[in-house]
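For reference, chains read A, B, C and D in written order, and residue numbers begin at 1 within each chain.
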Amino acid sequence: MVKAMNEEFPQPSTCWDHYVSYGETDGMGIAYYGNYLHWFEQARSDFLRKMGMTYSGIENQNIYLPVREAYCRYLVSTAFDEQISIKTGIGKWCRASMYFFYEIYNLSKENKLITTGYTQHACIDQTGKPTAIPEWLKNITRVEC
Amino acid sequence: MVKAMNEEFPQPSTCWDHYVSYGETDGMGIAYYGNYLHWFEQARSDFLRKMGMTYSGIENQNIYLPVREAYCRYLVSTAFDEQISIKTGIGKWCRASMYFFYEIYNLSKENKLITTGYTQHACIDQTGKPTAIPEWLKNITRVEC
Amino acid sequence: MVKAMNEEFPQPSTCWDHYVSYGETDGMGIAYYGNYLHWFEQARSDFLRKMGMTYSGIENQNIYLPVREAYCRYLVSTAFDEQISIKTGIGKWCRASMYFFYEIYNLSKENKLITTGYTQHACIDQTGKPTAIPEWLKNITRVEC
Amino acid sequence: MVKAMNEEFPQPSTCWDHYVSYGETDGMGIAYYGNYLHWFEQARSDFLRKMGMTYSGIENQNIYLPVREAYCRYLVSTAFDEQISIKTGIGKWCRASMYFFYEIYNLSKENKLITTGYTQHACIDQTGKPTAIPEWLKNITRVEC
């Protein structure tokens, strides 16, 4: 997957903007590394919303997308009150799983790319069993793998 | 202070909107009670920004406003993906401390008031010594106590 | 309730020890104010466990104790890697609600008292309706109000 | 690095035990994926402490170990109040960076392995410049790469 990060960013993509909060920084004065995964989640909820869907709407269809793998590469740190933008797209649809890709840009520092990452999600039903990604979900982006 | 919560909300006030994220909910399926204090902080940074100031700008003047007291009253819960609005104002300026007041409204549930709260902040210098609130800071709102 | 904080600490009480983590500190280099509510929760789960019960065991009886009010007074800050101890007891049983009281001591700084606080909990059933605290729950401590 | 995860776990290793808290679970009733990175951090602070060092002690020598990369593979979920154990070791020392490896076991579910992961850390001085890992730090474990 890491290789894929160097390729062109998948389309469609969305951007979710956020001010780094005080509680998200740590003793080094920069955003704590664990909070990036929380930003990724907020950015993918925003992605779905902008694609005309919501994650709770997906759950209402008895489809759940728990994270199976998360990866984050911290290129440059970001500090309190800086405005960042999390770019999000679907990297790949597999049969019963899919990938979200992320790039974070620091809008307060000339839009510098500061982070890349991805999350892999299983597709399961309400009993926890792996299930094929439904077509109506894939239709969000029509990016086949 | 609790009494003061029933009075009219202080002016000027601002509203910071937020979608409740998955990571902010807990096993009951509603926003975890500890996250509200984090929302209060993001709302007061937003308040300062809208008043033409930033909290980091205040720190650059060697003025720090650590929280001395926090209070939150949870009237109604809020769930994942609901859009909430945190109303924020300065309740009171004292000599070397001040109060922020908060009210949270659930925009996804007919703007229902779901939470009230306040934080009391000491005003200290870089050595940690209590110091009188500077006039330039009070001028944000000109609400005397 | 604040008055009650000055009284003697309720018995029985337990202590839950914790090292302040890096992720819990903020740009001031001290523990972020919102994390204290998370510590309170971990300390009350520990209290229940030491009283021979678990919060999940309580939920299995269709009794839920959502927080209705939280209050925290930050007397002295605490820094990364300091070992703190959260003292916890039940302050008061009411008909359909109850109070937990907390005091935090800094074991790395001569056991100094650094925080006091309380949480008020409603007692509800699985439909969300207020319900009288069951006797088996009160029997944890037999402290009547 | 992912390959290395299948090899034998590096020695010495330590185990840091933790009860999954309510605030760490999400609407699915299981621990939120972002919190694992926070557990990794608490586990590596515990590792250093057990090796006779502290991370703050390392910082006092003007050596900082910010995270450059984080990876987490979620094999099985874990729920509220389950006791987990985070096994931690140093996977590799490089010239100016190093790797921590982690495995999480669920003590409440027959010690089942539920998570694997790693973090890569740069070694920098107080000016932020990459610097060779000092010998006194490597001596913690004497595991050369």
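Assorted remarks:
Please note the rule applied: contacts are C-beta pairs under 8 Å (C-beta built on N, C-alpha and C of every residue); 3 or more make two chains touch, one makes a residue touch a chain.
It should be emphasised that the depicted structure is a prediction, and the values quoted were computed from it without experimental measurement.
Ranking A-B and B-D by contacting C-beta pairs places A-B first.
The most distant chain from chain A, with centres taken as the mean of CA atoms, is C. Centre-to-centre spacing of chain A and chain D amounts to 23 Å, using the average Cα coordinate of each chain. Separation between the centroids of chain A and chain B, computed from CA atoms only, is 29 Å. Inter-chain spacing, taken between the CA centroids of chain B and chain D, is 35 Å.
Residue positions of chain D touching 2 or more other chains, listed in rising order: 22-23, 34-35, 38, 41, 80.
Residues of chain A touching chain B in their complex: 19, 21-23, 38, 41-42, 45-46, 49, 54-56, 80-81. Within the complex formed with chain D, the residues of chain B that make contact are 22-23, 25-27, 29, 32, 34-35, 79-80.
Across the complex, chain A meets chain D through its residues 28, 30, 33-35, 37-38, 41, 64, 66-74, 77, 119.
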